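Below are structures written as structure tokens.
Below, subunit A partners subunit B and then partners subunit C, in two separate complexes.
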Partner chain A sequence: MKPFTYERATSVEAAARAAASVQGARFIAGGTNLLDLMKLQIETPTHLVDVNRLGLDRIEKTEEGGLRIGALVRNTDLAADATVRRDYAVLSRALVAGASGQLRNKATTAGNLLQRTRCPYFYDTRMPCNKRKPGSGCGAMKGVSRSLAILGVSDACIAQHPSDMAVAMRLLDAQVDTVDATGARRAIPIADFHLLPGDTPHKETVLKAGEIITSVTLPGPIGGTHVYRKVRDRASYAFALVSVAAIFGKDGTARFAFGGIGAKPWRTAEGDAAAAQGAQAVAEATLAGARTTHDNDFKRPLVEKTLASLYRQQEARA
Partner chain B sequence: MTADHVTRRGLMQGGGALLAAAPLASQAQAQAATTASVSKGAPMTPVELTVNGREVHLQLDPRTSLLDALREHLKLTGTKKGCDHGQCGACTVIVEGRRINSCLTLAVMHDGEDVTTIEGLGTPEALHPMQKAFIVHDGYQCGYCTPGQICSAVSVLEEIKAGIPSHVTEDLDKVTFSAAEVRERMSGNICRCAAYSNIVAAIGDVAGEAEA
Partner chain C sequence: MKFDTPAGQNPIDQGRVIGIPHDRIDGAAKVTGTAPYAYERHDAAPNAAYGWIVGSAIAKGRIAAMDLRAAEASPGVLGIVTHANAGKLTKGSMNTAHLLGGPQIEHYEQALALVVADTFENARAAAALVRIDYAPEDGKFDLAAERLNGVIPPQGFGGPADTKAGDFDGAFASAAVKLEQTYTTPDQSHAMMEPHASIAAWNGDKLTLWTSNQMIAWGVGDMAKTLGIPKENVRLVSPYIGGGFGSKLFLRADALLAALGARQVGRPVKVAIARPQIPNNTTHRPATIQRIRIGADKDGVIDAIAHEVWSGDLPGGGPETAAQQTRLLYRGDNRLTAHRLVTLNLPEGNAMRAPGEAVGLLALEVAMDELAEACGVDPVELRIRNDVQYDPEAGPQRPFSSRKLVECLRAGADRFGWSKRNPRPGQVRDGRWLVGMGMASAFRNNLTEKSGARIGVDGQGRVIVETDMTDIGTGSYTIIAQTAAEMLGVDLDQVTVRLGDSRFPVSSGSGGQWGANSSTAGVYAAAMALRAKLAEKAGYPADQAQFDDGLVRLGNQSQPLAALAGGQGLWAEDSMEYGDLDKRYAQATFGAHFCEVGVDMDTAEVRVRRMGGAFAAGRILNPKSARSQVIGAMTMGVGAALMEALDVDTRFGFFVNHDMAEYQVPVHADIPDQDVLFIEELDDKSSPMKAKGVGELGICGAGAAVANAIYNATGIRLRDYPLTLDKLLKAQAA
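On to the complex of A and B.
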């Protein structure tokens, strides 16, 4: 690990100022992604701003009937929260499908949204990778790409967004609340929060230097049956090959968001609109524009089969 | 870099269920990390911890993981380093009442906090019920993963009691003990010797006694 200096921020504003004023500064929350990458020198921050003790660990109702989730709420606590279990069950389900009990005890809401890809070439510093080293090429494109994305990809990068939680957040139309170094606040719809790779795969979100996430806000509950289905190489403690978050309404409507297949948590209006026509129609609408490699072509049928399984389960419930 | 190399990595990844990347590189890095934490770098930072009920004061390079602080600085070598990347659970300790991977957190981030390691759960003379159960059920072979397994297992029972749901919990509002729950909740602790079935039996025993 490269040397760095460390400070524990005393307020949100001070944290944002500190991170913006030091070149190469980064926030650290749970540290479960950042430290992993620092040990491999994929991330090399010069200064760490610890945001753990800023009181950003509360979950509270909003005036609009929604839920404001502090950026530092641990994944375990969010999954176990009574309101989340009752009104946003898909979020609980997605959270407990991710990582391990130990990791979820540390991992935070903001850190989870910002976790970086699990592309094997991104992780191996001997390999070319446009995301890790802009302009160096993409090792995955013609290499081992089994786990990588098929939607939203570019000629520069086909990395998948690895988060489970973020897929549920996308499904629930969450909004990401931030404060920057000038004290300015903004609320970013989750659909606009993550960037597609394009020519600049190293730019992953719309956050500016020093901009800190303070909370993630959910709109009021929409009812329905909430499910999260994760398909992976083993039953637990593995990243998704394909995951589907879904809410089925009583009237035949449904909404879907996908993990494992997109450069960011994936959801389309076309996919949702096809809900009444069944799994095949939703899969077709969602996968329009998909671009697969020799190694991850299996994700197309896997998306459809996973959806079909959810529909069957839903019919059995009804 | 040869094609052969990519193929081997690919295979390992498939077998390793894509936990993360580069098992080979991680190993090398794990060792490098230990050396790095004693090399010259940023100014030393004071860190105060309560470890197994005892207050300790350390001066640490901020890079020092909680795991290295315990093992290298406090000589509490019960906690093990397997992967150093959050993938194996050998480093599991209980901080402020919750199990975490001590390899993926910095000691400085825990200033003022309470840490329990395997040495704090019980002693050879006064074993913790979970330690006793692991012995009775042969919940290990080489024993390398065992301290992490036991710390994790103790927390798992607490988490079930606290109603924290898991991936296999059918009704999010009804969290009850079962072997399936144990297997899922213990998935962050890998055992190279595959003592899994005996580990599940040991935990079941302690859970049964706690209920009785």
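On to the complex of A and C.
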């Protein structure tokens, strides 16, 4: 870990200003991702702005009938919230499928969206990695890549976005609310929030320096059956090989978002449009343009199989 | 004391304290955090500085240049140890690679420097400023690619590399049923809870090391040898150990570098090997390729059996002796085993819980399942038919000291409900799960090692035992206390046990599942000597004195131990040594594993639903701690079957998934109900305790039972561990 300075921000605006004014500053929320990366010197912030006490820990209804989730709401609290469990069950299910109880107690809504990849080469500073050290090459592509992404990848990087929560957020068409150093606010649709790697895999979101997430807003509830299915090598405490968030409507429509396979939480209009034709059609539409390695080509059939499982369960319910 | 004839009736047979499922006597200290582990010995070395290890970024080559200036100028830095300033170091006799590398580099993450600073954070930050320029060389990292270059390895713990009896080729060629298959197992990491950690302090030329080590005397010897100082000048203290599984059998980099750092900066230094460094810096269980051929008659009776194993290690290293059990487990007049070793420049391979059998049975017991199916014989029945009561390589003149495999198979099958298994694979469904049952034999050699102890009674009648034996979470404290209490006729709470200090008599240490039986036998020997002294003081003939209730008795006379011990206390020391009973008799432990799995019919996720086993391992000294050993080992067997694998990057020559997020071991949610039955057995040829080891038996065969259950559930036979869903999906598509 490199020495760094630390301040506890007193307001959202002050936090944004502080972070923008110091080169290499970072916000810290639960710290469950950032601190691990700092210990390994994968992240080397010079200054930490603590955003834990800005009152961003409330969940409230919006005038439009949706739900505003404070950026600092802990994953545990969000998963247990009565409204979320009733109206956005897929989000609750995705959250409890992630990490462990201890981690979820610390992890926050914004931190979870911004967690970084679990690519093992990213985690070893002696290895080439374009995301960690632009221009150094990609260690994973011709190496051990079983867990990595097959969609949205580039010649520079095939890292997966490891979040479960973000997959449900993507399914629910969430928007990410921010404030920047000038005090300007914006609402970023989650589909546009994460960037694909292209040839700049170190750039992961559209956030500008100092721009702070204040909340994530969900539109009004989407009725239907909410499911989250996470496929992994052990029963708990493992990242997804493939995960599927889905809402099945009564009329045969459905929507799907995927984790474990994309450079960002993955959802396509084509996939949703194929819903009525069943698992195979949805898989084919979703996987258009997929690029696999020798290690992770199993994810292609696994997407279809996982969808097939969900369809079968849905039929059993109907 | 020498054990060279079978044990007769002795005080252990009373079974007053021995054989009772007592709670651990160190349990309260452990769960309240008052049992200090090596890195926490602030009491012993309050002013310790902190060391951080800099590991090599290449697998093979040389250090071209090292620039320490930035690190030395970093805040709080007290010194930096490198090969250039460490003085002359010899390699420990148990180490394959040097614990401090440079200028030659033998493997990735080999320690090249230790940065010592006033705080942990300063040491770690400065370590990142050490600049090393490398001159890399090509290495060999791919076992499969190197297989044909295998050579006959030197003889180590596992006996000779090759064995033969009868005419395998001829018998195999003419067998009615032939099975020939190749199985592979990956490199594995011990993943024990406590990382390797040490604090070193020098007093003049005398070194004290608070460390985490399974084998105190080996550690002393190799520390002295490495530093070129007399053994008498090295003291090791290791009373509490947070798991080892073989990873802490030997002197490791934390210990040596703490000693070197402390010498350089003139104050105590503490060093832990950080979790992400462990898989590549320390040892691991080597990967294997195993070819098995079995020739049987149509009823499955084996006439010919061959097991050949390939594994790799650094130059000067040893093989994974995965064919060991095949020498002794099943009948057959025509047999062959062979181990071949290839040179690999991966980190050092070495012992991990049940080296040899743990992976050997992953292959052999799946081969037996395949044979059972080929012959149309029930897998349990097949093993019963192939039982043999003597060493099948040596013949009937070398019987087993005791062997209750068949009893284990029958009792285990019964309890598990094996008869409900549908022998046709892929037939049973429970919702989205395909359900299958599998079984495997368990086998692990029984080793006995010389072990000493000192035992005394003080003026209050308390019994004190001192031995350098270690408790690596296994329960040594408790069974040693039970032994002493039994021998001297006192209650368990009257006994104090002190372990893990090189000032105490040399014990067997903890390894190879020899610790429990050997170390308690050493306590038995010392206790016999103390009984003689106490009887003499009492004026009773030693062979007629009785010990109970804190008294020494003869007929209706008695004298309290406390009075006999007097103010000075009375002490005796002895050790147990072994004659040739293990040559005259084959000695091993046996069992049978049963397992039920569910395999998701779509995603091929495998989840274990139920496990059970029956085990025969001589006298069970403490059924509670023995059960804990067995269920822990079964859990490791599940890991080996389903998820554990160090992924090798064959370009850079290192294990890629070197942390606990990516190297997966089972979590609670993976482990269902585990049922353990111990079959009654006393082995009078093993030791006066009539016990055998049980710490490793539970892993042996457990993974194969899982693999066979997967086959029964799905009809898919996988032979490359771990059996992950991607392999099942691929096999299903093929």
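Heads up, the rule we're going with is that the second predicted complex is superposed on the first by the 318 of 318 C-alpha atoms of A that agree within 3 Å, B and C clash if a C-alpha of one lies under 4 Å from a C-alpha of the other, contacts with A are read in each partner's own complex, and residues count from 1 in each chain.
Just so we're on the same page, contacts are C-beta pairs under 8 Å (C-beta built on N, C-alpha and C of every residue); 3 or more make two chains touch, one makes a residue touch a chain.
Here the structure is a predicted model, which means the values were calculated and not measured.
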Report the partner of subunit A that touches more of its residues: subunit B or subunit C. B
Just subunit B (first), just subunit C (second), both, or neither: which does A:Arg26 touch? neither
Once the shared chain is lined up, is A:Lys133 touching subunit B (first), subunit C (second), both, or neither of them? neither
Looking at the overlay, does A:Thr5 come into contact with subunit B only (first), subunit C only (second), both, or neither? first
Applying the document's definition of touch, where does A:Phe298 land relative to subunit B and subunit C: first, second, both, or neither? second
So, does A:Val231 touch the first partner subunit B, the second partner subunit C, both, or neither? second
Taking the superposition on A as described, I'd like to know which of subunit B and subunit C A:Ser309 touches: first, second, both or neither. second
Which holds for A:Asn105: it touches subunit B only (first), subunit C only (second), both, or neither? first
Figure out whether A:His202 sits in contact with subunit B (first) or subunit C (second), or with both, or with neither. neither
Those residues of subunit A which subunit B touches in one complex and subunit C touches in the other: 1, 3, 39-40, 118, 120-121, 123-124, 126-127, 143-144, 146-147, 232-239
Per the touch rule, the subunit B residues reaching subunit A in their complex are 1, 6, 9-10, 13-14, 17-22, 25-26, 29-30, 33, 36-37, 40-43, 45, 61-63, 65, 84-86, 89, 92, 98-101, 104-106, 108-109, 111, 152, 155-156, 159, 162-167, 169, 172-173, 183-189
As the complex stands, subunit A meets subunit C at residues 1-3, 39-41, 118, 120-121, 123-124, 126-127, 139, 142-144, 146-147, 231-239, 241-242, 298, 301-302, 305-306, 308-309, 312-313
For the subunit C and subunit A complex, residues of the former touching the latter: 57, 75, 121, 124-125, 128, 276, 432, 600-605, 607, 642-643, 647-649, 651-652, 656-659, 661-662, 664, 666-670, 724-726, 729-730, 733
Residue numbers on subunit A that touch subunit B, as the complex places them: 1, 3-6, 8, 28, 30-32, 35-36, 39-40, 48, 50, 52, 76, 79-80, 85-86, 89, 92-93, 96-97, 99-103, 105-106, 118-127, 143-144, 146-147, 232-239
